[in-house]
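Next, two complexes with chain A in common: one pairs it with chain B, the other with chain C.
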Partner chain A sequence: MSDANIKSDRCAAGQLLDSLYLNMFHLIEAHTQCRIDIERTNSDGAILLARTKFQQGGQSISTAQIPTENSAEFNALCRVINAADDDISIERHPVDKENGYVDPLYWFSVLPPMSLRNAVDKFKRTIELIAESTNLQRELNKVLNGIGRLRQSAAL
Partner chain B sequence: MALHSAIKGKLISVIGDEDTCVGFLLGGVGEINKNRHPNFMVVDKNTAVSEIEDCFKRFLKRDDIDIILINQTYAELIRHVIDAHTSPVPAVLEIPSKDHPYDASKDSILRRARGMFNPEDLVR
Partner chain C sequence: MLKSTIVDTRVRLRPSKKLLDLLGAQKEHLKELPANLAKVLEKNGYSIPKSTRILKDNEIVCKRPQIDVKLLDKLTANLPDVPSKVQEIDEMPEEKEEEAQTQPLTGDFLYLNDLHFLNSILIELRQKNVTNVFLYELIESCELILPENELKPRNPELEARCQRLREEQQNREYHKMTKNVDASLKHIPEDTVAYQLKSINKQIIAVAQFIFSVAAGFTFGFFGVNLMIGPLPFGFRILLGVIVALVIALAEMYFLAKKLHEYDEVLDAPKRKNKNSPKVSGVQMMQKPHVD
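Presenting the complex of A and B:
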């Protein structure tokens, strides 16, 4: 391979590396913003849970109401499905007690107060953000692998 | 009872404190399968680090789990196991808890990204 070709390959690899680094910084920014949003919605939900505890008593929302290994089996209401371009999204199943899709709201109260219902909305939003964050994290992982491979290549 | 037949999609699992688990279970991620294995673990002050580690490894082995959520404060306790997991599936997401806000400098993927342009930071 001539010197001109080697120089040209190095130049192309350098440009590719630059674009990967730029992409990495954009993804880091989006990833961090998404985590901040997760923290915010999660905190909003936690405040509403605390309000429910204050109204209904400290033990009304606790691990005592959560199912254990000894409880009857049940299915998750929301699942991760593959969407376009290797991305994931959240799919929700309607409540269907006969087929094992139970509403977790009623584990904690027979007549759930408005604060608990509002908390559920916040946590559902958090789950949507989790899917968004997972997509960003996987993309960032791919970019980091690409940078690693390129840096190890003989051209650089 | 064949509740789990022909269910499409994968699960989100949670390892976290009481409020985190309650929150995500209210959101609808919780499941107990036919083998009576839950996809969540509530960590309290009496939970040993080995139990968290075992649970995390169990979730990694399950092929019906796509995302593992873990409070960052507990992720710190089993950092060596999390750093050793490099496969994109299941994705491990470190989330904040009520008492410990999210710290980007501790996040495994961001530490790796930082190492790409500042390798000294990785040895800290």
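Presenting the complex of A and C:
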């Protein structure tokens, strides 16, 4: 291998490592932002739940309304699926009572209060954010792995 | 201690002496500088030429760089080679020494757009063959500061309030439990005539309200619609009145049921008690002006 060749190789590797590092910083920031969003929507949802309980009175909502092992079976409305290139995403099924897709919101009352509906929306959003955060984390791991391998490689 | 939300999500980098030295040495090649970087340089005693243009934060391109995955694979494909490991071992002690030499400079930090700027500058300088330094070599000597949660002590006022509320709750439960055991608590306030009259009064008012609003609804259907649209047959007017009254009755019924239910709950749970006179129930206290 000629001298110039080695030099250009080293240069390319160096630039690659630089862009990997910059990518890593971007991913860290995006991941942090995502975690903050998760925290915020989750606490918003929790507050709305507390508000519902406050408005409805402590006795109106209890664990007795949640199905037990002996209740009829139902399907999950929301699943995690593998999307393109190793990413995960959230798939939602429309509510369909005949086929066993039950909306858990109606376990608690026929006419759910507004705050409970809003809380449900918040928690749904949280789940999507969690999926997003997981994707970012995987990408970050990939970049970190790339950095580690590149630093060991002969080109540098 | 409570963890508070992260306020600043930016990744920070404490610049090392090496980085600043390099920038100081190359300052005649720098036509422009980001505002933050210029501030850091000046604080650490590097003068900046007057001709240097200071860039605002939004002028710097800050986009995630694309990674050449093929090149990465190609470069890391021959990883298990023996010579590369030897070289790595050679390099390691040097890095350590460098880190020991460069004392961390306190104070200012570099942010992501500064690093982007540095990257573009270094690419430029390498193309001009001025220097042969890569960004990663500079970053290695710097300290990376990740965004972290701040720890906040719990507010003592809140703690005191929680404590008080817990005590009140327990007191209430205790009183409810011992109500039919302790004779001194038993007769108040539900057994007094005044209390009974009072609660009957309240319920009568609620029912009267219901009747009034239904009557008003009927009147509207019977007369109001007739006045608005013109002469209507008598039977139709009655029908209209009954329909409007029914709708109002339904709505009113819901609220009435809710209200009456609330009364039951109030009777069930004694109100908050005054600390000085724990045996006097709050319900009685509230009605004191009306009691003989």
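The criterion applied here is as follows: the second predicted complex is superposed on the first by the 120 of 156 C-alpha atoms of A that agree within 3 Å, B and C clash if a C-alpha of one lies under 4 Å from a C-alpha of the other, contacts with A are read in each partner's own complex, and residues count from 1 in each chain.
FYI, a contact is a pair of C-beta atoms (placed from the backbone, for glycine too) under 8 Å apart; a residue touches a chain by one contact, two chains touch by 3 or more.
Everything quoted here is computed from the prediction, not taken from an experiment.
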item: Fit or clash - chain C, chain B, common chain A; value: fit
item: Which superposed partner A:Ile88 touches (first chain B, second chain C, both, neither); value: first
item: Dominant contact partner of chain A by residue count, chain C or chain B; value: B
item: Which of chain B and chain C A:Ile36 touches, first, second, both or neither; value: both
item: Touching partner for A:Gly146 - first (chain B), second (chain C), both, neither; value: second
item: Contacts of A:Asn75 with chain B and chain C, given as first, second, both or neither; value: first
item: Chain B versus chain C as contact partner of A:Ala12, first or second or both or neither; value: second
item: Contacts of A:Tyr21 with chain B and chain C, given as first, second, both or neither; value: both
item: Closest approach of chain C to chain B (Cα atoms, Å); value: 5
item: Doubly contacted residues of chain A, that is, touched by chain B and again by chain C; value: 21, 28, 32, 35-36, 39
item: Chain B - residues contacting chain A, complex; value: 1, 3-4, 7-12, 18-34, 36-40, 42, 44, 66-67, 69, 88, 91, 93, 95-96, 98, 101-102, 104, 107, 109-110, 112-113, 116-117
item: Chain C partner contacts - residues on chain A that touch it in the complex; value: 11-23, 25-26, 28-29, 32-33, 35-36, 39-40, 57, 143, 146, 149-155
item: Chain C residues within the chain A interface of the complex; value: 5-6, 9-11, 64-68, 71-72, 75-76, 78-79, 81, 83-85, 87-88, 112, 115-116, 119, 122-123, 126, 134-136, 139, 146-147, 265
item: Chain B contact footprint on chain A (complex, rising order); value: 21, 24, 28, 31-32, 35-36, 38-39, 42-43, 45-46, 49, 61-63, 66-81, 88, 91-92, 99-100, 104-105, 107-108, 116, 119-120, 122-124, 126-127, 130-131, 133-134, 137-138, 140-142, 144, 147-148
